[in-house]
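Some structures to go through are shown next.
First subunit A sits with subunit B, and in the next complex the same chain sits with subunit C.
This part shows the complex of A and B:
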């Protein structure tokens, strides 16, 4: 537990000392601006929940990728990875603390979207199913942290993580139905949405903003939590395996 | 238990693959070959060798960062592969240079973070950090970001970080690299104090003066093999078994070539300003040589021992920039 807490404190301090790391939160209002402007320019007087909340889900995904990249790049650049490996603390717990902090900060993207909708477009965001919405949001935070853990392992294994981060966005937004419903996709591609938490998060979060009842909210919530747990467990296992491999191969260096 | 580190036939190989002209080649580099040595409690032992000799690989293995390909390593009685967590609690690592601490965080924030990483209880860390900062003379800099410190100060913070868990073994990799002479001297003083605390120190360095002044024993390492381990004061015996006599022969009626006729004189070299250095390999040779010098009217005579640098160049060889 103390390792997780240390990860939280470290991440908060790095954000405070390196405000540039918070730039990621600047992109979400722009997404919101673009989507809502596009809707309005098509003459839509009633904006769909997808147009309002898609930037939030994109924000969660983006900060998840960015933190994974940041953890690995920072540890490599500062030469701290090797010392953590040689310290009694468990690197995986520290990573958990760091990604959880950033995933929690993902809520900021929701606030940004609510403010942008209200101030720039006069849209009041109404949540018709608040319980499902809050549970969905909490589950999404966990899933975002789980996904970041897997990505941390991948970025540890593959050098030059920064190059890959930008390619990990839009294919997932499309496949998971964040931007357009997956019914727009060819049938053979639709099952690809199932293992992506964004799809299930979209179901509950988008549904919560509609008056109509949400289709299978329990299933969606369970799926998000399951995917969160699975990705977290897989990420931890992968990180341990990658570090063991690096210790064996000599890719990890002291200097 | 008096042995802090026990290495037995440790070998480390690295696999490599290259691709040139469309053809891939794979191979194996032996970084450490069959290394056996022990380090006793309270010793400062220096690992001395050129770039690529295997010093850092050895340090990585002892600090549990790297696994040996074969052989066994025990630190304070614990196997570094099977009991890595126990080893980690008992060792401290000190790097040279900028790496190993978060540049944007303050000195205090860095030390708090690393205390947690070394599982130092928070209440204990709160007492230990100010004490360490006081000891390294940086109490007034605790709120300064690490990046803004001078090189010498950074190195002292590295040392403080390495001592947070009160380690029995402190492993240092080129700790004074890039430091100015004054800062390096102060740093060495701190290291000497650590030894007086009863800690054992393993020091990888390029710096002969540092090794000579600090270490109880020096291990010369080259091409992954230990070429010898010796007290730096007696390491000169590797070059000359008995002694070296230096004499000023400038205004004397003596033939330098004549020295070579004395049995046991192994080498003669002119060292400038009319001085000659004669190496002997037996006590009789030294006595005969002294008689000859006195009889020839030589009045300026001194004896010397080879410096560590001379031994290093002789044993390892002067390779210039070749690795």
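This part shows the complex of A and C:
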């Protein structure tokens, strides 16, 4: 437990010392402006919860990628990765603390979106299913942390993988129906949404903003938690294997 | 005072250095399957919003805007590149060299707008195919307009880099702020006319706004006079940013000289 707390404290200190790491929170209001202005300016379209909340899910994905990059690439660049791995605290627990801290900060994107919708477009965000919404948000935080763990493992294992992480975002948003429902995708692509937590998170979070009852909220919540657990477990296992291999070969700082 | 021939030689050498640096940092395969795929996925993502808006006109509007803006994405990358010169310690060499440091900066990264012309044109072609937007023969002139927009954004990015010259750690924030402002307020996803007047005034002095109107007019079969007028406005905007950027750059350089911290990678 103290190792996880160390990770939390380390991450908070890093944010305080290098505010540039909070960059993602600068991009979210712009996405909000883009989606809502586009929806409002083309025809008489009524703005949907999807257009309001899409930047939140994008924010969760982006913070998930960024923390993985910070844990591996920055530490490698500063030459501190070896020290972290050699420390008595278990690396995977410290990573858990760090990714959870960042995933929790993902909630800030929700506040940004609520404020931007209200101030710039006069849209009051009303949650009609608060219990499902809060549970969905908590599950999404876990899933975001799980995704970060698996990405950390991939960054450790594959040299240059972080160069491609930037590429993953938009295809995932499209496949998971973050901005546009997957019914607009060609039918062979639709099943690809199932293993992406953003799809299930969208179902509960977007649905919570509508008066109508949400379709299968229990299934969506279970799926998000399952995907969170699976990615966290797989990520931890992979991190341990990769660290052990790198310890043996003496190439932790390289890559 | 160097002659024009020497300036040109310097430009050629510097731009070749930039290309060599790019080739060292990445590979064509990585650029094609990493970066270009990301750019096109971004265009598809934003254009798909038109589908859920249920309007063919919206799809066309978003498709053109989000393909043309790719040149902007390519070009604003020069902001951290330029600031990196300071971090790597190359800046002092630039400044003591007998050649113009502004020319050095601008020629070194000139490959960015050139690649942007390709990314943007190719992106538009792909997006038109994906969303079944008919393309007519005027498409052959699109790269010319995109080149103009690219140069205009290049001047704007240079200005942003000059402002961030003494705060290089803000390079990525400056990059994001620069391109997201353009994507939001310059008629990429929502027409400029949608925004309040104060915002429209700012949009008018930003790059992309007028050039993008020219591209839309070209593909929409508008008369050459209208297209040329918007091209001229885009060129004026670009020239203005270049002038402003040069002035700020000289001032930032003066400040760094005065403080004596030109060698120090400032935070």
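Operating definition for what follows: the second predicted complex is superposed on the first by the 246 of 255 C-alpha atoms of A that agree within 3 Å, B and C clash if a C-alpha of one lies under 4 Å from a C-alpha of the other, contacts with A are read in each partner's own complex, and residues count from 1 in each chain.
Keep this in mind: a contact is a pair of C-beta atoms (placed from the backbone, for glycine too) under 8 Å apart; a residue touches a chain by one contact, two chains touch by 3 or more.
In this text the structure is predicted, and so the values were computed from the model without any measurement.
Undergrad: Given the superposition on subunit A, are subunit B and subunit C in a clash or a fit?
TA: fit
Undergrad: Between subunit B and subunit C, whom does A:48 touch in the aligned arrangement: first, second, both, or neither?
TA: Second partner only, subunit C.
Undergrad: Quick one: is A:118 in contact with subunit B, with subunit C, with both, or with neither? Answer first, second, both or neither.
TA: In the superposition, A:118 touches no partner, neither subunit B nor subunit C.
Undergrad: Using the superposition on chain A described above, determine whether A:30 touches subunit B (first), subunit C (second), both, or neither.
TA: second
Undergrad: Considering only the touch criterion stated at the top, classify A:180 as touching first (subunit B), second (subunit C), both, or neither.
TA: In the superposed model, A:180 contacts subunit C only, not subunit B.
Undergrad: Check the residue A:38 against both partner chains and state whether it touches subunit B (first), subunit C (second), both, or neither.
TA: second
Undergrad: Of the partners subunit B and subunit C, which touch A:245 in the superposed model: first, second, both, neither?
TA: In the superposition, A:245 touches no partner, neither subunit B nor subunit C.
Undergrad: After the superposition on chain A, what is the angle at the C-alpha centre of subunit A formed with the C-alpha centres of subunit B and subunit C, rounded to the nearest 10 degrees?
TA: Seen from the centre of subunit A, the opening angle is 90 degrees.
Undergrad: Quick one: is A:215 in contact with subunit B, with subunit C, with both, or with neither? Answer first, second, both or neither.
TA: neither
Undergrad: Can you give the closest approach of subunit B to subunit C, taken over C-alpha atoms and in whole Å, for the superposition?
TA: In the combined three-chain model, subunit B comes within 11 Å of subunit C at the C-alpha level.
Undergrad: Looking at subunit A, which of its residues have contacts with both subunit B and subunit C?
TA: Touching subunit B and subunit C on subunit A: residues 18.
Undergrad: In the complex formed with subunit B, which residues of subunit A make contact?
TA: Its residues touching subunit B are 2-3, 5-6, 9-10, 13-14, 17-18, 74, 78-80, 82-89, 94, 247-250, 252-255.
Undergrad: Which residues, counting only subunit C, touch subunit A once they are in their complex?
TA: Residues 26, 30, 33-35, 37-38, 41-42, 44-46, 48-55, 57-58, 61-62, 169-170, 172-173, 176-177, 180-181, 183-184, 188-191, 194-195.
Undergrad: Subunit A touches which residues of subunit B in the complex?
TA: Of all residues in subunit B, those touching subunit A are 12, 14-15, 31, 56-57, 59-60, 63-67, 85, 88-89, 91, 93, 95-105, 109, 112-114, 116-119, 145, 165, 173-174.
Undergrad: Help me check something: in the complex, which residues belonging to subunit A touch subunit C?
TA: Residues 18, 20, 23, 26-27, 30, 33-35, 37-43, 45, 48, 50-51, 160, 163-164, 166-167, 169-171, 173-174, 179-181, 184.
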